[in-house]
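Step one of this worksheet: look at the structure below.
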Amino acid sequence: MPPIADFDQMSCPTPRRQHERVLLGHGSGGKLSADLIQRVFLKELGNDVLSSLEDSATLALGSLEPAVDDARSGPRIAFTTDSFVVKPLFFPGGDIGKLAVFGTVNDLAVVGATPLYLSAAFILEEGFEIELLRRIVISMRHACDQAGVTLVTGDTKVVDRGKGDEVFITTTGIGLHAANHALSIRNARPGDQIIVSGTIGDHGMTIMSTREGIEFETALQSDTAPLNDLTRAMLDACPSIRVMRDPTRGGVSSTLNELATASNVGILLDEASIPVRPEVHSACEMLGLDPMYVANEGKLIVVVAEQDCQSLMKVMKQHPLGRDAAVIGNVTADHAGMVVMRTLVGGQRVVTMLAGEQLPRIC
Amino acid sequence: MPPIADFDQMSCPTPRRQHERVLLGHGSGGKLSADLIQRVFLKELGNDVLSSLEDSATLALGSLEPAVDDARSGPRIAFTTDSFVVKPLFFPGGDIGKLAVFGTVNDLAVVGATPLYLSAAFILEEGFEIELLRRIVISMRHACDQAGVTLVTGDTKVVDRGKGDEVFITTTGIGLHAANHALSIRNARPGDQIIVSGTIGDHGMTIMSTREGIEFETALQSDTAPLNDLTRAMLDACPSIRVMRDPTRGGVSSTLNELATASNVGILLDEASIPVRPEVHSACEMLGLDPMYVANEGKLIVVVAEQDCQSLMKVMKQHPLGRDAAVIGNVTADHAGMVVMRTLVGGQRVVTMLAGEQLPRIC
Amino acid sequence: MCLGIPGRVVETFIEHDVMMGKVDFGGVFKQVCLNLTPDAEVGKYVIVHVGFALQVIDESEAEKVFEFLQHMDDLQELRAGEEDANVEGAP
Amino acid sequence: MCLGIPGRVVETFIEHDVMMGKVDFGGVFKQVCLNLTPDAEVGKYVIVHVGFALQVIDESEAEKVFEFLQHMDDLQELRAGEEDANVEGAP
Amino acid sequence: MKFQAEYRDLVAAKKLQRAIGEIVTQPWTIMEVCGGQTHTIVRYGIDELLPDEVELVHGPGCPVCVTPLELIDKAIEIASCDDVIFCSFGDMLRVPGSRHDLFEIKASGGDVRIVYSPLDCLKVAEQNPDRTVVFFAVGFETTAPANAMAVWQAKKRRIDNFAVLVSHVLVPPAMESILSSPNHRVQGFLGAGHVCSVMGYEDYEPLATRYQVPIVVTGFEPVDLLEGIYRCVRMLEQGKIGVDNQYARAVKREGSRVAQGLIKEVFEVTDRKWRGIGTIPHSGFRLRSEYERFDAEQRFAVGDVQVRESSKCISGMVLQGIHKPHECPAFGKECTPEHPLGATMVSSEGACAAYYNYGRLLESHQPSCSSTLAGKPAIVPLPTD
Amino acid sequence: MKFQAEYRDLVAAKKLQRAIGEIVTQPWTIMEVCGGQTHTIVRYGIDELLPDEVELVHGPGCPVCVTPLELIDKAIEIASCDDVIFCSFGDMLRVPGSRHDLFEIKASGGDVRIVYSPLDCLKVAEQNPDRTVVFFAVGFETTAPANAMAVWQAKKRRIDNFAVLVSHVLVPPAMESILSSPNHRVQGFLGAGHVCSVMGYEDYEPLATRYQVPIVVTGFEPVDLLEGIYRCVRMLEQGKIGVDNQYARAVKREGSRVAQGLIKEVFEVTDRKWRGIGTIPHSGFRLRSEYERFDAEQRFAVGDVQVRESSKCISGMVLQGIHKPHECPAFGKECTPEHPLGATMVSSEGACAAYYNYGRLLESHQPSCSSTLAGKPAIVPLPTD
């Protein structure tokens, strides 16, 4: 009989072996993604700003002399980039162009900046229909108008057929910090409340509904939306917000796990309070998925001090994008680094970070 | 017998039909690229900054109030993006990572800005070897160090095998304008001199030497290099420089044609003065290509007033990246919008923009 | 094992000589093989596993757990009453 | 038509029973079929088209155009001399 | 969703929790056979709701977990072939073979696809007439009619570029194997509801009698589980043996005769190896000879793959209820869901993964003492998108 | 590069320019047959160096230009097939067929590849045994031995998944066709140097005699061209007919017997259609019957493609020297190198493309009067990278 494990010595998960090739899971936003970022990107490129891994880098732009790292000398700008490789290109509620604009706008918004300028770099596959490209670009224009940003520079590359997938778009954004918000994923404190701005999983399950071999019919729509107007209203009303983050790839679970780790706090969620659309719920049940791991493209996770929670909730609920906002849990001093959920039937479970990709469970 | 054409009515080339699909030529940096940008991107997204089509957008960052478009209120920053899809990933003289850093650094440098911050977005193909990714990332670190820039934010996406090509990298850069340089592709004036900072075609022919079906042996190396130190020295010595541009995709011809069009001037080149490495010359001869259309990754085209030309040349020649600088021609009032070359044997020809891709001529 | 979920048959049809149906899982619709459940009709609920209906749900049986819980409540009240009455010896 | 460029044979070898060579085109090396030019030896120059050497360059013939130009110069000088002499009736 | 939401009800759960507490008088060990039930238990923290007297142990009821290593390796070998499209249920893709998993094969260029239903493979086969579509036909009795239908249809519709790699296992022989093991601790069973939907529960009655255990056929929702446990505890307390049916809304005593007929048409009973347990006689299905041309093992001649299991992994003990996952020295260390050492860590219904994912890391019902984990965070905060 | 740099010498060019000026006394029209020579002439602005008396007209010497439309359409049909790898020299890819060009086929999923040498196709064929590699075997006599060698090797090495789509044309019949046209204006020819490297120039001697023209076999460098023109003008001025050889460093009177033997082994003479000109008897090669199994037209049964040429295009007249490109009403308007209407606009050696690319837009030797172009710039300034 093997010895009982010594729990005092129990360490955090150590990968048995490191994958030698990039797997789909490395792009899932879960632990494999984190592993790749840690092992390759941060190890080789790490610096204070990059390693902070906020949704946007915050940069102080002074004049060239004195030194650039004098954080007080010029405006503070936010800077963020994302590539968009979504399939299908057009889906209920949006398209890759809209996503590419709003995704970057949101990363700027959640660090408290006002999004101003975007760049867009297109990687086109030879043979892609120009009419589809035009539709995407028109959608980007509308998205820019809606978010109040200007697309000021771009690039286009064409790759051989079979070496790309119709179109990939990388947007990069610049925003301006209005004031010295203290927003950071490191700022959550015990007692703080955790708010989600609306129903979770809408985007991911909309995309999943089109996936070959899995497809199902539903009236679901992606929630893709620009959050900067909402975040502006929230920060105006409640400058003491501690953390904002958009739970995209990897879903709410991943965001909350990152938060718990970065702030070194515990998180306790109440399953019953988490808003999930019936169709998202059903589709997740059908495929054996958990909406906590499903991507959102127009939702916020907000951490706020308890005393400000109700006023903030009021502001959020008055905004069309925060109508379904809900307090889903609170920050604890206990079980630091872990996210725990009180389940519907009164039990508890730990909500971990997604391992690789979330796979449809069949058995 | 058909009528003789009425040359007074001769219009600029009107495409017989517009391609319905993206062709490789749409990424060549030549007329097809320009056509796509005009028809799709500028038509749908055009605004003053984007439509200026400089290598980097120049943005004035004031405080949020008063209005952002008040060009005097804050520092002027340069903002540029490029995707890198080069094959092979590693080539003599460089790799995709180096190229991705220097390419964006150079686009900032040629508008007169000091490159400061980069973002990098990776699109990885499932199955790509992580060790190769690491080598690329290490090379990016060295390149950042060499260029004096900091990579502050990034993104990683993974696409299904067969839907990408190992790795694509999109870098976006922010630079700070030190002073109010008057650099613009619209600024060339008759009488100005045209300088190239060194031998042309090195990068493109190095890449071509590895291309399947075409490959040849040579000691050629890509010229990929960060030009910001050189441009800084040049601008310090000669603030009156009118235009700087890095002749990348589409080569020197495309850059000069753009310049002639944008500044509405003619350009007269002297073929004998254009520096071309013997191996580049030979490889071009072998394949029936013209080095004027071949990409460079560490070269500048500079337009400067005649009276400043010699002092600028002196500064350039003292810099390792400008050692082989040469005056290759001058700006004329005649034949506005056209680039004309006085050939080796004393004739003249018009140097047009590349139509689609430059194809090896065999017959 | 054997993830199975309940859904309502909204349509039946024949494909490749096999009875198929469209099933509504709370607003999510999926085609399902009804070959194993000859009794499945439009409006009935079935348990579906990997695209196959395994059984038609017996709605009256489904109630029983709640009847049982109701019964427990009654017992509880009864027992509470007993406790109130402070009667010993009850099983 | 028929892009052909001169290069120097630096190596010969047999592949699939065919004489092949490595040819130096000014620092750029390419494998070339030498089957059509049995006289091609290492050190000789050949004209290459689509990977085939068409002919070995006749170096003495190659000089002739320059000899001709030289001759023209001489003529020119001669003629210039004549002009200086202001002699008429020259052809 | 009707027939689901009402079974996730807090009040109903609390009533059952109290009812169990009221009837239990001594310690009982109950095995839920099915991985889906394990999943519900840990996802809803149901074991926390139980009185200390009731211990649940997790049985071998996850086909992903029990598929033997050599079959995974065969799947990998087949999926690596050039002209093959290898189709599988999603959760098989991450199961580690001796060297690789199917995800890695996909990353190396294999055409590996996730399907929702075996019937989807026939479409894929028809769309790709010049390639062979191989379906990884794993599963318990529940999945057998679906897989049988795919093979039967392929034959009928003459879809010859279709084959199945069969790894079908049967529940009753596994239960018997556990009950006949000298170390076993199981006093009562929760029977696998969906297996019984197909097969009925007549086969369980002799088992209950022979080994003198109560068996309660149980559903998959929290209230189902709690009621099943309640019924099982009641039988144990009352000394009753036999088969009870908590899941009567989906299970009849005789099961589905149609489904059973389809299974018998295509499959026949055979001995099968179970990962971590070993060969159990008459515990699986294989294709009947009339269908053997659809047998991927024969078509690809991958008959004799030799493998060796990790020596650290105690998943066999776990699957038999002899040990709990956290008693394994590799648990949460070398063995995690990202890098599973054994199959029970792979599938989300696998007992080890369930324990890991739902926080059984520390065998505490209170997560508050988990601060030993917080020393060096392993989770990098990601700029998620 | 030796044997090249010295032929691009300014001083040498100036001497020859002066020499031509000195000997010319009346207008002469000379056709350079070969597209490579046309390329040199416009690339170096050689026609500007000539006295007004000497007019150059550009002949049908570009295989890309003269390949008939139906053959392009056949190529496109073959390249569109699923299991085909279609290989071609680079500049054929942009030649417009009736509806598409090969680049568009590639963009639509066809496997179209550029090769440097026909022999490269055999490698591709060996590497892709389950696909058919089709090579677009275009060219004049110069390319014929290379293409013959590929077919001959394929037979010898039993590379059965290789085929060629043959569009081989011959220079002397084309010259004769021009000379026998009632409208022709050609008084002397510059013979195609590389064609003669292979075939020699014995065949040109009867032509010169029959049509009473001087023919000067000429090379491809600027100094070659100028010397060839000088020699041709001298013959014209002196009333000489016959064949002179300016390109003696690469051309012998008898050509290359080895190459001719190889051609004869694989090909035989046939009638051929020339794009823009029509069918010229005995003006091309086809595969001999011993090699017909390598004939892509037979293998793919694309025998009867019907096409119609643009009615605007006067490339036939251009190819025969009757008109110059800029005399075409479509030139520079509907017809540009990006969107060629006729084949002579496609290849960079095509006369129309050469005129377009090297600024013959305005029939002026001074680019200074080109300001009519500047009204509305069509070239968008690109942020190149």
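Going in written order, the chains are labelled A, B, C, D, E and F, and every chain counts its residues from 1.
Keep in mind that, in the parts below, a contact is a pair of C-beta atoms (placed from the backbone, for glycine too) under 8 Å apart; a residue touches a chain by one contact, two chains touch by 3 or more.
Owing to the predicted nature of the structure, the values given are computational and were not obtained by experimental measurement.
S.K.: Which neighbours do subunit C and subunit F have in common?
M.R.: Where subunit C and subunit F share a partner, that partner set is A.
S.K.: Using mean Cα positions as chain centres, tell me which chain lies farthest from subunit F.
M.R.: C
S.K.: Could you quickly compare A-C and A-E and let me know which has more C-beta contacts?
M.R.: Result: the pair with more contacts is A-E.
S.K.: If you average the Cα atoms per chain, which one ends up farthest from subunit E?
M.R.: Here the answer is chain D, farthest from subunit E.
S.K.: Based only on mean CA positions, could you tell me how far subunit B sits from subunit F in angstrom?
M.R.: Here subunit B and subunit F have centroids separated by 33 Å.
S.K.: Take the average of all CA coordinates in subunit A, do the same for subunit B, and state the distance between these two points in whole angstrom.
M.R.: Centres of subunit A and subunit B (C-alpha means) sit 35 Å apart.
S.K.: Centre to centre, by mean C-alpha position, how many angstrom separate subunit E and subunit F?
M.R.: Subunit E and subunit F have C-alpha centres separated by 71 Å.
S.K.: Please output the residue numbers of subunit E that touch at least 2 other chains, ranges allowed.
M.R.: Residue numbers touching two or more other chains: 1, 4, 35-36, 62-63, 89, 106-108, 116, 120, 139-140, 143, 223, 349, 383, 385.
S.K.: Touching two or more other chains, which residues of subunit D qualify?
M.R.: Each of 1-3, 5, 25-26, 30, 50 in subunit D touches at least two other chains.
S.K.: Using the touch rule from the top of the page, what residues of subunit A touch 2 or more other chains?
M.R.: Those would be 19, 21-25, 33, 37, 56, 80, 82, 126-127, 153-155, 278, 281-282, 285, 288, 361-363.
S.K.: Dump the list of chain pairs that touch, please.
M.R.: A-B, A-C, A-E, A-F, B-D, B-E, B-F, C-E, D-F
S.K.: Flag every residue of subunit E that touches subunit A in the complex, lowest number first.
M.R.: Contact set of subunit E toward subunit A: 1, 4, 8-10, 13-14, 17, 35-36, 42-49, 62-64, 87, 89-91, 93-94, 103-104, 106-108, 113-116, 120, 138-140, 143, 222-223, 226, 314, 323, 326-329, 331-341, 347-349, 356-359, 361-363, 365, 367-385.
S.K.: Quick check: in the complex, which residue numbers of subunit B touch subunit F?
M.R.: Contact set of subunit B toward subunit F: 2-5, 7-8, 10-17, 19, 21-25, 29, 31-35, 37-38, 42, 53-56, 80, 82, 103, 107, 185, 212-214, 245-250, 254-255, 257-259, 261-262, 264, 266, 272, 278, 281-282, 285, 287-288, 295, 297, 332, 334-338, 340, 343-350, 352-353, 355-356, 359-363.
S.K.: If you look only at subunit D, which of its residues touch subunit F in the complex?
M.R.: It is residues 1-8, 16-18, 25-26, 30, 33, 35-38, 45, 47, 49-52, 54-55, 57-59, 61-62, 64-66, 68-69, 72-73 of subunit D that touch subunit F.
S.K.: Touching subunit D in the complex: which residues of subunit B?
M.R.: 209, 216-220, 278-279, 281-283, 285-286, 288, 361-363
S.K.: Taking the complex as given, what residues does subunit F use to touch subunit A?
M.R.: Answer in residue numbers: 106-109, 383, 385.
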